[in-house]
Amino acid sequence: MTSARPYYVPVGNEEQVFKAAYHQGLSVVLKGPTGCGKTRFVEAMAHDLGRPLITVACHDDLTTADLVGRFLLRGGETEWVDGPLTRAVRDGAICYLDEVVEARQDTTVVLHPLADHRRQLPIERLGITLDAAPGFGLVMSYNPGYQSVLKDLKDSTRQRMVAIEFTFPTPDVEEKIVATEAGLAPDRAADLVRLGQAIRRLETGGLREVASTRVLIAAGRLIAEGLDTRDAARAAIAGPLTDDPSVTRGLMEMIEVYLADQ
Amino acid sequence: MTSARPYYVPVGNEEQVFKAAYHQGLSVVLKGPTGCGKTRFVEAMAHDLGRPLITVACHDDLTTADLVGRFLLRGGETEWVDGPLTRAVRDGAICYLDEVVEARQDTTVVLHPLADHRRQLPIERLGITLDAAPGFGLVMSYNPGYQSVLKDLKDSTRQRMVAIEFTFPTPDVEEKIVATEAGLAPDRAADLVRLGQAIRRLETGGLREVASTRVLIAAGRLIAEGLDTRDAARAAIAGPLTDDPSVTRGLMEMIEVYLADQ
Amino acid sequence: MTSARPYYVPVGNEEQVFKAAYHQGLSVVLKGPTGCGKTRFVEAMAHDLGRPLITVACHDDLTTADLVGRFLLRGGETEWVDGPLTRAVRDGAICYLDEVVEARQDTTVVLHPLADHRRQLPIERLGITLDAAPGFGLVMSYNPGYQSVLKDLKDSTRQRMVAIEFTFPTPDVEEKIVATEAGLAPDRAADLVRLGQAIRRLETGGLREVASTRVLIAAGRLIAEGLDTRDAARAAIAGPLTDDPSVTRGLMEMIEVYLADQ
Amino acid sequence: MTSARPYYVPVGNEEQVFKAAYHQGLSVVLKGPTGCGKTRFVEAMAHDLGRPLITVACHDDLTTADLVGRFLLRGGETEWVDGPLTRAVRDGAICYLDEVVEARQDTTVVLHPLADHRRQLPIERLGITLDAAPGFGLVMSYNPGYQSVLKDLKDSTRQRMVAIEFTFPTPDVEEKIVATEAGLAPDRAADLVRLGQAIRRLETGGLREVASTRVLIAAGRLIAEGLDTRDAARAAIAGPLTDDPSVTRGLMEMIEVYLADQ
Amino acid sequence: MTSARPYYVPVGNEEQVFKAAYHQGLSVVLKGPTGCGKTRFVEAMAHDLGRPLITVACHDDLTTADLVGRFLLRGGETEWVDGPLTRAVRDGAICYLDEVVEARQDTTVVLHPLADHRRQLPIERLGITLDAAPGFGLVMSYNPGYQSVLKDLKDSTRQRMVAIEFTFPTPDVEEKIVATEAGLAPDRAADLVRLGQAIRRLETGGLREVASTRVLIAAGRLIAEGLDTRDAARAAIAGPLTDDPSVTRGLMEMIEVYLADQ
Amino acid sequence: MTSARPYYVPVGNEEQVFKAAYHQGLSVVLKGPTGCGKTRFVEAMAHDLGRPLITVACHDDLTTADLVGRFLLRGGETEWVDGPLTRAVRDGAICYLDEVVEARQDTTVVLHPLADHRRQLPIERLGITLDAAPGFGLVMSYNPGYQSVLKDLKDSTRQRMVAIEFTFPTPDVEEKIVATEAGLAPDRAADLVRLGQAIRRLETGGLREVASTRVLIAAGRLIAEGLDTRDAARAAIAGPLTDDPSVTRGLMEMIEVYLADQ
């Protein structure tokens, strides 16, 4: 779909583990916080492995039919239309289920025979069972920090997976990412990364989530558009992180401190 | 749709932030209480940017199909009809999701690939992925004062947004708005604004929401129609704010005090 | 629909407030207990203003489609059929949503753009937005005494409304109403009203609702049909108000006292 | 449907109250325990008034469409089929909603405009409002002893009703009923009634419901078929009343005592 | 369907009570634990009475349409297909609702007019009411030991029934049943029955259900197939009764004791 | 489907018990933890018995129609399509319901007449009852360690089953399995098994499930692909077993100890 390699800077051995699992036909689960680069990573892996990538954003109401396919009525005839998982199985694509813990467990259960040694997708509505085409790979992601205990990934699903853990990149890597993605001078990117790391060191009592690489890039892009640095940080960092007035005040003071001299 | 600029008086730098985010292709979330002018603001921005505006009032039962589209049966054939979000993506319009926290999280999840660097809308039912047309913008609003913790905006959605906070306008701006919108003499508008501000200073234990600019305008319009000032304030301000008899009595006394000499 | 003015005796300035709001295009909410005459009032206002009245009895399962319309399959074609709200918007009628707190909040949210300055009804299923015809008016009622906190009217809906409070009429007005509606001699109507007012003075611990004007009229009609006064009061007043044996006994004694000499 | 008057023996003035309410166009609610003759009473009243009777057994899943009607697909065309309530409204029949508290409140709300002075049935799906034909009457029943507080009849529904209370008949009336219905000699019917009344005098801690006239008749019919009296009482009275072993033992002893000498 | 009488050994007067109730047109409810022979009993009764038997296994999602029938689309026409209850009503068959407390109460409510003096089945979707053909009989079963209080049989349903209680057969009868059904020598059957009775004498704290005749037969059949007696008892008796390791150990010891010398 | 016998190493007498039950027409339930080989066992049994195997992965939303079949609309006609259970019944296949406690109880109730002496599948939608073809067998599995008490297997379902308990294989058997399945040298497989057994000896407070044979094989396959032993164990064993940072640290230390010298 895209011919240039998506911009991804590796942090550890995540690329080797992914590729070993892929070559062994093992499924992969990516664990890590929102906005740390999991989606980019899968895009880069699919590029390196030369496989098409089919991404499914999971959610509460995702049904098995949304993954596998359904009958549509056309010209008085019912016609079967493959879902994204079935397309990936037939085409030997990599299927990426983003935020899989959001999906209902009954939806993820269709993944079992795909994930284990059978590598098969039974499509009950058609009365057939597909063998996955060579090259097919199954990747899922979730954020272990979310406290959605009730919808946690089922053990029998997890045991069919190889897990790779993601954290935020190191400061120098993150500066490079923010500068590249926002089109910002390196020193201004470095200021934003210092602010982000200071926020991550806070006790997160009043914050729902720490400042991700993603919000630092957003702030950088507002600055590139001509906004004052502090206005940009307020709009792209403080605003999305909290609605609490006192926490907001605290973030505003940090913004003053870390971005004062610009 | 409307050729005159909608009446909107800026309070701070909200117009610059909005336009910088828009030009960077970043989505915007408007935070603020009911009735403080968020809808008007978006109408004015769409006018300034020369883009059509498509508004969706969010609610509990809003489905992904309501946003993206669905198949309708016509003449024995199923025919796809775009939803408002899809129309905005195809036409490069600004799509405004009003009170987005009312929507179920599974509905907002379709917004992720639109809100991040991909700017794509996957339409599973058609088996296609649309790239957003140039000019497309995504705007959402919510009221952080509502205590609907359970339906709060998902972090991964929030981190894809630039936030702009709204509060009620300053007294002089609000007087101008009430006078203009209700067709009222400036001094009578000033009385209503003083009453509104007094109510906002109250402890809000018995009040579900403070007196918004919107209810002050409604009172002004009843006065313009010939109702007694206090009758208008009772019907348009006290009545909508509470059902509690003792709180009602307190509001009635304030109405007597602030609107006595008319 | 009816050419004679519906029988309604005003209690205060409710008719002026209603008409001022209507002429200003503001929506109206009627607050008050069951059986105090809200429905009659709206019928009289529609008559005075010369507009057709479309009434919708709200309930738990009222869907947006029930208000706005839906597609029906006819002769192999889907055909759109307007709902009552859409008909009122197109025809410039007054639309009365009776007991609106019974409806789910997601249903009432379609009323927002109709209730504010836009006066528009977006019909997502048709992909169109209707401007309300001149004369359109939106009226809702609810009973603030019901403790259905969870389904209380949403603030953003309430703030778009002008409120009129209703209580039971004064004794002389109520006597006139009971006599007229039941076809009863004034003194017998007066006895029923005295009984009703005594019941309203009770602590309502064992009673679910006090004796409304409506049940007094029902008792009057049984008397007019030839039933003994006390038998009528038992069947039309005590029976509907409680299932509790001891509360029933108390009401029976009050009936003996207030209706003894007949 | 049946030309002989259904067998019903009046207990008090219930027949006069019913007929007065009917002639005044008031709806009637019958309150009383299971098995005391409410259904028979309505059959007798419909016979006396010369109106057809349409009975609807209410339950949890009864939808508005079950009462009012629905579209069915026939030969590629949708065809409207009236529900029982609509048939009663068109034909001027008496419509009897048995155990109405079982129905969801949203279902009963369609009854409001039928029950009050309007006597109209709005059929939203057809976009029409029917005026009830002369002779139409609305009757409901429920058992106040059931503790289904959550589904209790809505006040605004109750206030539109005239209530008639039912209890079990007096011993002599009940003996006549049991003998007639079971085809049993009067003295054997009397024994069963004495047993039934003794059970009704018990504290009902272990019994879910007291012995109704209906179970006494059932026991009588087993005796008429040749079963031993005590075997019949065990099968038709003790068995249906409890599953508790110790309560069962108590009932068995009472059966021995009251039916010993046969 | 079967021409030989199903193997059933009576325990008490259950056959007489059933036949008396059947001849009187009274419905029958069979109460008793799982696996004690209720299904066999109904099969034998239907055989003796020369009526066809239609069995419905009840469950949570059994709808009224599953019992009564539904429209199916065939060749562009909707065509009505009778459900099992309707077939039984039309054909004068015995309809057996197995484990009726599993069904939702709203489903069982359609049985009322069939179970009382009317013997009618109203089919709302067809707008007709069927009179039961001669020979129709209604039989239900449930297990009073299940603690599903919330779904317990409704009183108004129970009072329309004659109840027959079932327990496990006496040892000599049970030995005969196990030997016959499993094709086992009498003494080996007697050993299994002694084990079963010992388990039934246990406090059932750790056991969900006692050892039924059905599991004893299953063990017997494994022995007849050549398995070691104790292996058979472990697989067919201990395994199904508990998942608790310590309870399992206790059962294993009992198996050793009672089946040691084989 | 597969002509070579699936690789399965027996632990006890499970093969004899399965075959005896199958020949007696008794259903079988396999109890045991995730990843211990239940699916492989059924595949091997079906191979030995020469019967086709139809596997259904059970889940929360599995409906009776998913098992039994449904009508699909084709060319304007409804056409019945058998579900997997019906296919197994018609073809005399072995039907394996994997993780049956995930299914709703109402779904499993259709299995009763198949599991008892009737061996029949009633298909209500077709109005027919199928007799199971010779060779049909019913097998279910569940994990008793899951604490989903509410969805536990119904007693009347369990009593129709013969139970076989599974645990993890003994070390020597497990080493053989891991070496064979991962294509690993025996001593490296032995290291992984020693690590797995050490983890199983831990108190499982912080672990959701112990290390199954399945995760040991996955680690082995990553090693066979060239990954460092400890990286493989982290990705395939520690990652899937926990999200807890301190538990993760503990597992990492164990990995260092048990896999240090490689």
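Before moving on, here are some points about what is shown:
Letters are used for the chains, namely A, B, C, D, E and F, taken in the order the chains are written, and counting of residues starts over at 1 for each.
Definition applied: a contact is a pair of C-beta atoms (placed from the backbone, for glycine too) under 8 Å apart; a residue touches a chain by one contact, two chains touch by 3 or more.
Chain-to-protein mapping (UniProt): A, B, C, D, E, F = Nitric oxide reductase NorQ protein.
Fair warning: this is a prediction, and the values are worked out from it, not measured in the lab.
The chains in contact with chain A and with chain E alike are F.
Residue numbering at the chain A/chain F interface overlaps only partly, since under half of the positions present are found in both copies. With centres defined as mean CA coordinates, chain E is found 52 Å away from chain C. Annotation: 60 Å between the Cα-based centres of chain C and chain F. Chain C and chain D have CA centres that are 30 Å apart.
Counting partners per residue, chain A has 73, 76 as the residues that reach two or more other chains.
Only residues 13, 16-17, 20-21, 23-24, 26, 29, 31, 63-64, 71, 73, 76-78, 104-107, 109-110, 112-113, 116-117, 122, 124-125, 127, 144, 155-156, 158-165 of chain F touch chain E when the two sit together in their complex. Residues 34-35, 39, 55, 57-62, 66, 72-76, 81-84, 87, 98-99, 102, 143, 181, 208-209, 212, 214-215, 218, 221-222, 224-227, 231-232, 235-236, 238-241, 243 of chain D touch chain E in their complex.
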